[in-house]
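Next, two complexes with subunit A in common: one pairs it with subunit B, the other with subunit C.
Now for the complex of A and B:
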């Protein structure tokens, strides 16, 4: 096809260079910076070996952050992928007629709103004095219900997680619907001839057929859970007293509030390893099922 | 192909260098401030336009970043070639770390050359670091309790003379069904203001100053515990879930008469005058934090530090930058600032009684009559100590940590920081 066998590489080259400059080189640089004590405004940097990592593992906020990220990952898997799957199958089943298009759109809309706007909206929904949520609860309880959802350490992180579920379940649902629509109709016809119920069709036909997409959405959600930043930043900023910190906001805080760029780079390395190993593990795990 | 490219880039380089040499007389100063909102942003645009008109060879490249992002952005910018020539800053540790990194120009020679004679001494003081002057004040500030005089009358209480009286007043107001103190502490700079003033009352000023030095501070003086205990005595009188609401949200409960008082900065008085309902505007007054007789600190100390501007040490045009800074913080701009915005800068006698609203004039006098201004607790602390302290103070506000526990953790953070120096 090409006169010169190097021609195809020439076409790949620009993208490769850009990815190298903007992705891979910064990652390597970040590893390097994590061994230094440095800030962004003074020229000097001191080599301190693994001290940043030691400090991180002794920091209570780090463990709070890990726990919060794990909560986020677990709840998102259950709600976004689990509930998203149930919604997708229901909307694509014969139970619904033309109104399925309407529901599809309704569930999908939240995911196209900017996170900053959603954060602000939920900040007011959860507000103790003017909040919609408390107003609704007050209709069913005696007296004025005034609970600070984002201000109480017991509920703050879950309030933020709930916001994300509201926003992204519809997005995962759409991805699954696209996969379901690609399943050949013959499979369902065969299943029907064998006398399968709708539930059995979902379990034995739909889910095995869209296994790949379920895996992809699971990876997206879990990695998303560990890269979490904006949702926290626009609602609680990690407060009250650092109980809603996640790795992303903890990294940001050390970089821009404590002026510890090396320390923040070390946190970034840890985030990198967590997301990297999770995705490798998930992909391996899924391939095994295929054999 | 590549030859053409080479020729093109050489030509472009030549054109570029030519434009630099031609424009040598024209000076561009990069200017960074943090007022994105009206009326302040228009004010700065007008000030810059006036200056450019008076100095045709100077071009001011103004950039604006809002308050919180500013704190992050300036740290990044100062490390680069794009550092602003003249930029906003808070004096104290926020600026001192940049001074230690050699990023701020020493203004002492210019100040000694007559500049400082035009400025109020106590307001220039905060811009000093190790005996040298690094900045010029843009506006005065201090923290006072703004209270609703109608509620005070109705409940039958008066401005308290000391802290014990204050607690009695608060109790009476609470029993009358009002929120005694409106408090929005979602971002804990709000609580830092209480602690800053209480520390100044409870800890001798020389001890306090030493503790603010991150290389030496240990916060061992018993006054710090007293200050935290006094603060925790106030917490029953705040609105519920103070840590979940923002400062401006809490302020609206003061304006609408739900709350009897609030600890505000005097630079918020122009906001009262422009935003509060008439009912409140006609019925408010101020008092400073009631003193603590058993405290070992300075009963005349007032929390409130000016804000100002400094010049980057790496500026290419130091003379032009100084000239612009003198204008920006000088009398002409100061008078416009007082009229347009209701802020008073550091120039001696910049406004006289009657020229601006009495409420603004009188609170400004509070600052001018004080012997010792105390810096905001958050911006005077090392960032890492403040981060721990901010969390601990929020915990005391929620009643989930005692003053002893909080102080222990703050001292531990100070010890960690000392080890880095």
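Now for the complex of A and C:
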């Protein structure tokens, strides 16, 4: 059937070459860079071993960033996966009719908008003088409520995290809905014969049946939390006083603001280890779900 | 009878409560977007004095202004980069996926797992060496500086998606094509691709959403504002037009609209591709 033994390679090589040049080689290089002191304009580079890593672990911003990434992950797990699950189960329950499609579509819309656009949208929503949030709060309180949600170090990171919950809860919800739709109806019929309430059906049938997808969405959420960049960059740029830095923005600032490429590469290696190990879990569970 | 009546009343009450909460959430989702759109149709002073009110007169000029002050350019750049990247990703990816799905050859498993592992690698980790590479090969600050890394990073997903579809196509269809004298390339192009339209559409839509919204590479690999894509143009707008709020909000609306429309029109393919990929961002 396939006479020429080189034919398969002709199909595969273009893609493979592109992936190697633009994904694999840079990532390997990034590891290499992380052992050097170097910058973007001058060609010189000095081997300094693990010094970049030592410096990172002594840098306060690194710990601020990690804490912010973790906050983002934890809150996103609770809201996007937790609330997303409640919404998915509710929208798929028999209680609702055709209206479920309407809600599903509406809740998903924010996730198709560019993060940069959503970020700027909330930049204005949170604006102390003319933003939507303060204007709405002012309707319920006496006088003018003027709070700088993104300007106050106590609330800035949480304001950004809240924005992401607004954007991505519907996305996680859809993934869970698709999983729920694959559950065989007979399981519910059996549960109904046994007299299960809709709450019991959710706990004893739905959740165990979509266990894998819950894990996958949890992992996606955690990886997303450590890849965080755009949300912060377009709203606070890591400020005020570096309180909203995350690993991604910390790396960017180190590379392109302080021009310390090797140091930034070492931060990227740390991002790599966190996201890669979490990703390995995802693949493991995703494959399990397909079997 | 009475019992049943009460049961259905209870059901109705339960349903009403649920619908009430769903509507509250709907408002939470829609109201911020609605606010951006109505604000983008106000004059600047109207926006500053009464941020919640409906505009007394719809100011479509804000859109014309935003469009003329750079958005037409950003839009053009985004569309161009998007089309080239999607076409490359889908065509190169489909060929590779077909090769992996249909041929037996030396090193197939290693190649397949190498590509699959590409799904796990995040762009942040490649961005600095890519930047240096693009500068060295003189592609920095060109459209290719975005197109090539975009294609490289989305190929694993596209291949993964299309390969499983090709595996599900019965072999007999292709075998009869070979009997009719087709070789493997003509079979792929004339027989396999036409029956794979749905999955190609899913791959195209999902990668397109990624390219349209991508920020990090576009921020670092492009310097010249004439080559900005929409997300970068937006964030640049914020810095230069700090006082023209309504123009800025018009820009946000222009940036968001195409993907929202694409989603509403092609919901099915959109969700199909997303659930197969299960990667955020």
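By definition in this document, the second predicted complex is superposed on the first by the 260 of 291 C-alpha atoms of A that agree within 3 Å, B and C clash if a C-alpha of one lies under 4 Å from a C-alpha of the other, contacts with A are read in each partner's own complex, and residues count from 1 in each chain.
Definition applied: a contact is a pair of C-beta atoms (placed from the backbone, for glycine too) under 8 Å apart; a residue touches a chain by one contact, two chains touch by 3 or more.
Given the structure is predicted, the values throughout are model-derived calculations rather than measurements.
Chemist: In the overlay, answer first, second, both or neither for which of subunit B and subunit C A:67 touches.
Modeler: neither
Chemist: On subunit A, which partner's contacts cover more residues, subunit B's or subunit C's?
Modeler: C
Chemist: Who does A:253 touch here: subunit B (first), subunit C (second), both, or neither?
Modeler: first
Chemist: Regarding the shared-chain residue A:187, is it in contact with subunit B (first), subunit C (second), both, or neither?
Modeler: Touch status of A:187: no partner.
Chemist: Once chain A of both complexes is superposed, is A:137 in touch with subunit B (first), subunit C (second), both, or neither?
Modeler: neither
Chemist: When the two structures are overlaid on chain A, which partner does A:150 contact: first (subunit B), second (subunit C), both, or neither?
Modeler: Only subunit B is touched by A:150; subunit C is not.
Chemist: Identify the partner contact of A:42: answer first if only subunit B is touched, second if only subunit C is, both if each is, neither if none is.
Modeler: In the superposition, A:42 contacts subunit B only.
Chemist: After superposition on the shared chain, which partner residues are touched by A:103: those of subunit B (first), subunit C (second), both, or neither?
Modeler: It touches subunit C, and subunit B stays clear.
Chemist: What part of subunit A is shared between its subunit B contacts and its subunit C contacts?
Modeler: Shared contact residues on subunit A: 40, 129, 256.
Chemist: Under the definition above, what is the set of subunit B residues touching subunit A in their complex?
Modeler: The contact residues of subunit B facing subunit A are 71-72, 75-76, 78-79, 97-98, 100-103, 186-188, 240-241, 243-245, 249, 253, 383-384, 387, 391-392, 394-395, 398, 400, 420.
Chemist: Hey, which residues of subunit A end up touching subunit C in the complex?
Modeler: 1-2, 5, 7-12, 14-16, 18-19, 21-27, 29-30, 33, 40, 87, 90-91, 95-96, 99, 103, 105-110, 112-125, 129-132, 135-136, 139, 166, 168, 170-171, 174-175, 178, 216-217, 220-221, 223-224, 227, 229-230, 233-234, 248, 251-252, 255-256, 261, 264-265, 268-269, 271-272, 275-276, 279-280, 282-283, 286
Chemist: Could you pull out which subunit C residues touch subunit A in their complex?
Modeler: Residue positions touching the partner: 11, 14-15, 18-19, 22, 25-26, 28-33, 35-36, 39, 47-48, 51-52, 92-93, 95-96, 98-100, 103-105, 108, 111, 114-116, 118-122, 124-133, 135, 148-149, 151-153, 155-156, 159, 175, 178, 184, 188, 209, 212-213, 215-216, 219-220, 230-232, 234-235, 238, 245, 248-249, 252, 255-256, 259-260, 262-264, 267, 270-271, 274-275, 278-281.
Chemist: Could you list, by residue number, the parts of subunit A that touch subunit B in their complex?
Modeler: For this pair, the touching residues of subunit A are 37, 39-43, 127-129, 146-153, 237, 239-242, 253, 256-260.
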